[in-house]
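Please find one structure pasted underneath; my questions will follow.
Naming follows writing order (A, B, C, D and E), and every chain is counted from residue 1.
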Amino acid sequence: MNRYERAAIGAVALMLIAGAAIFFYAPTDYLQGPVQRIFYLHVSSAIAAFGCFAVVLVGGVIYLRNESPAADRFARSGALVGVVFTTVTLVMGMLWAKTVWGAFWVWDARLTSTLVLWIIYAGYLLVRRLADPGRQAARFAAVVGIFGFVDVPVVHFSVTWWTTQHPGPVIINDALPPQMLATFLFTMACTVVLAAVMIAIRYRIETLVDEREQLFDPAKVLVAREPEPVQ
Amino acid sequence: MNPFRVALAVARKDLRSEWRTREVVPALAQFIILALLIGNFGFQVDSRNAASIAPGILWLALVFAGLVAFGRTFAAEREQASLEAMLMTPASPVAIFAGKAVAASLLLIACEAVMLPALSLFFGTPFSADVVAAVLIATVGMAALGCLFAAMVARVRARELLLPLLTLPLWIPFIIAGGQAVQSAMGLPGSYSEAISLLIDFDILFLVLTSLAARFVLDE
Amino acid sequence: MSMLVADGLTHRFGSERALDNVDLVLDTGEHMAVLGDNGAGKTTLLRILATALRPTSGRLTIAGLDAFGERRRLRHYLGYVAHAPGLYPALSARENLEFFCDLQDVDRSRVDEALATVGLTSVSHRRAGELSRGMQQRLAIGRAILHDPRLLILDEPDASLGADAADLLAGLMHDRTAVLATHDHALANRLCPRTLVLRHGRSLGTATHLRVVR
Amino acid sequence: MNPFRVALAVARKDLRSEWRTREVVPALAQFIILALLIGNFGFQVDSRNAASIAPGILWLALVFAGLVAFGRTFAAEREQASLEAMLMTPASPVAIFAGKAVAASLLLIACEAVMLPALSLFFGTPFSADVVAAVLIATVGMAALGCLFAAMVARVRARELLLPLLTLPLWIPFIIAGGQAVQSAMGLPGSYSEAISLLIDFDILFLVLTSLAARFVLDE
Amino acid sequence: MSMLVADGLTHRFGSERALDNVDLVLDTGEHMAVLGDNGAGKTTLLRILATALRPTSGRLTIAGLDAFGERRRLRHYLGYVAHAPGLYPALSARENLEFFCDLQDVDRSRVDEALATVGLTSVSHRRAGELSRGMQQRLAIGRAILHDPRLLILDEPDASLGADAADLLAGLMHDRTAVLATHDHALANRLCPRTLVLRHGRSLGTATHLRVVR
């Protein structure tokens, strides 16, 4: 078993423990009932997604400064994992919304900006596919990632800047009972670890792809020459 | 090498081409008027709801006109392979980009000069300096963003389609704040000055980001 | 002194190796022809030498400068004629050149000279989009010499030129270092003492007045 | 020479190109969703007015997506000069045109398959067979017209801009009748069957006119 | 029998007379080269002969039929290679030809033959957009002969072909009537017993193995 497999197993185990905490340790919300348990994963995965997009931002900036292929691989991995976690937030939120608001979707600033976030990074992945692989894709994607990050603060502050149907900040306002807060903090930590492990694994995959494609690393090419074609 | 001279030369070249062929502005202006017409039919506007619907149509038409104008400005260069020829000169890519952005924005502003009177004609909404100011201020930031991504997608496959996909999400702040500003200028509740200052903030943010990023998009 | 030193230039499009470990040294004032079958990698090589395309791997030094690090500075030295003319169809021939004078930061008085060199003086008022294929090619050549470059990279410049192509090119290349890709062996032999032959992206070596064996 | 075989070959070629490059459909679908988003911000939709605003946005998004899809299908041919190559064969221009129109319409229908669920998801409007039928029926006539003018402008300068200009006025009947049909399918007053039969009449009229005119547009 | 009779062909672009009253008779099986400086009107003439452009005035008869009245029927007889290859970049070389087989109403089995003729068999699976300039030109030539036309109109087909251009074209033109515009006098002399020289849109007359005086 290599260290990626060990890390993956560890992260999944942590998530299972978090799940146990969510269902057996955290108290049931007296207003919303059990559906409120969505909260833990909903918010955690949003925060994990923000973290992933921060990786994209930092990776992009570093790539543009010194063309480090490693930074670009981090950015690539971060974008993919971030889109996954944004999807989780969206889906969880929609399920929650259906039960408490009676509709999967309403148009408010939080929901819309989150959807836009998803679209921006889906666009990021599309740019990677459509641009010339290698330097051009890396540069263009870095630019998209840097501009796209503008939406992350918009998502976060949307509930304070505009009036929304989506609830405002509860965690930093100390509005949670201690058991809920503890469960939330633990779930959040586990989710962030999971995201980090996913980025690490994806990074490894991207490294292997880059090695095969040899788009970034000049030194490798001279070593791995193909046999002469028969004339 | 003076970047202003380069930007000026590029902008003049684009405007002169447009003047010769009259490709963009007349058709775009007529297109905007048609969009207003369609909006009119699609929404059953009456005097009560005009002020709440007109801004939406204004921004939709502006967004699509902008996409076409910015997309066109770089697509034409690409079709002719003249973008590469420009980039093969020692002129700075940022200056080239600035020149193209200025020319495209001027074309879009020419279209706005048609659209705003037409809007108040069709919908009976007021046509005030406040409305004009809001639209112009929004145009600055939208043009910077739009040209940046237009320059990017000009060198990528599927450019007609990638351009809206990349640009629209980042235009949304302008559409929201601009829509708010226009609505309040047309007499609906909402703070005009707040919306305008938000627009100016976004303008500054994206102008700075764009001028930093232009190098990476056009270089290569 | 070497004007151009290329070391292990390799370019891949996906898994296709369009250029495979090509080395090249070109002295100042030297003229070299690049020959090869269709698809041999001539255009790919010339695009790299013109710094329009970054190789997948390999190093390129022009006039003692790292070609991709100092690209902007190098472009003062470099004139490139590509497959596509890259002109503005709505502008006249003269206006096209004037515009590129501004970008090259050279005086507009160079335009008349360039037009005369490529034989377009009489049609300089016509729009570029209305010129014939060969006239457009001439205009692209005129643009490449506006800033009096020391190094010319010419990708099949003769492809659509009339019968005076050889004289025109000889005039251009005189006093300059030049790399010329062409299919016309007679032209190559006349203009270029040295020849590089590519096959499937590999260099078959350079030779002097090479008699290409088919 | 069998015109159906030609049309089929042309349509298959276009769809295969699209499948290879995936240029149009994914980006168009995302673009439609963004248009829904923007429409939403522009208009302050709530549950009371959703049924009266959603159809307008639906048609606006559809119109712009259609313009892009139809414009693209001929612009690509022109850029590559392959339109002339096709017309140099003995194949009938009407069959060629039909093949391209069918392919473009299929792409547009693929996008509608994204748009209609998204619409009802975002706006909470009903997603019924009636709505789908109205949109599909309108698509037929709109596609015929759109492709005809796309074929025409592909051979003209300023095609990106001329296309909406020529097409939109003739699409207006579809937009009005379609909008009415969708609104009544969403529960607003108005006769659904009347609107649909109007749509069908327009379909027939424009299909006939288009097939007669295609020859003159593509020939030469 | 005359394959092609052109009578007073004139074409004007605005006030510019690109082609001025050109007469031409071409017998079946005859090969004719069209020479002339850049902008002389070769492309304009060939586009008219290929019925891709309608002349401002003049008559054109091909195989006894009025060329513009019976255009559709004529296209079975006619193969045209233009400046631009006109291919579908996302389709492979083979798929491009298969598509044109469908449009030409000929059997798809012709594709292999055409690919072999133009020497693209080994790259037939590659996308047309990824072929080199010369390979694209070969593919365009392959398309022009799919339906085994009796009359070939070739506008600088040799422009980007490799050194085997002459052999390839000789093979194509064998047994067919052909009009070939080119700048390569040696090629013209080798392939075409007759030559038409254009200058400023006017015919300087046709000649047999004309020694062009410059």
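The definition used in the following text is that a contact is a pair of C-beta atoms (placed from the backbone, for glycine too) under 8 Å apart; a residue touches a chain by one contact, two chains touch by 3 or more.
What you see is a predicted model; the values in this text were computed from it and never measured.
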Most widely separated chain from subunit A, with each centre as the mean of CA atoms: E
Best-connected chain pair, where connection means C-beta pairs in contact: B-D
Identity of the chain that, by mean CA position, is farthest from subunit B: E
Centre-of-Cα separation between subunit E and subunit B, whole angstrom: 45
Subunit B and subunit C: spacing of chain centres that average the CA atoms, whole Å: 38
Subunit B and subunit D: spacing of chain centres that average the CA atoms, whole Å: 25
Junction residues of subunit A, two or more chains touched: 112, 116, 119, 123, 126, 135
Of all residues in subunit E, the ones touching two or more other chains: none
Junction residues of subunit D, two or more chains touched: 21, 27, 30, 34, 37, 41
List of subunit E residues in touch with subunit C within their complex: 13, 16, 35-39, 43, 83, 123, 126, 130-135, 137-138, 156, 159-165, 183-185, 212, 214
Interfacial residue positions of subunit B with respect to subunit D in the complex: 21-24, 27-28, 30-31, 34-35, 37-39, 41-44, 52-53, 55-57, 59-60, 63-64, 68, 71-72, 75, 79, 157-158, 160-162, 164-165, 168-169, 172, 175-176, 179
Residues of subunit A that touch subunit B when the two form their complex: 64, 112, 116, 119-120, 123, 126-127, 130-132, 135-136, 139-140, 142-144, 146-148, 150-151, 154
Contacting residues of subunit D [partner subunit A, same complex]: 26-27, 30, 33-34, 37, 40-41, 45, 121-122, 124
Residues of subunit E defined as touching subunit D within the complex: 50, 52, 54, 71-73, 75-76, 78, 80, 82, 84-91, 95, 99-100, 102-105, 127, 140, 143, 147
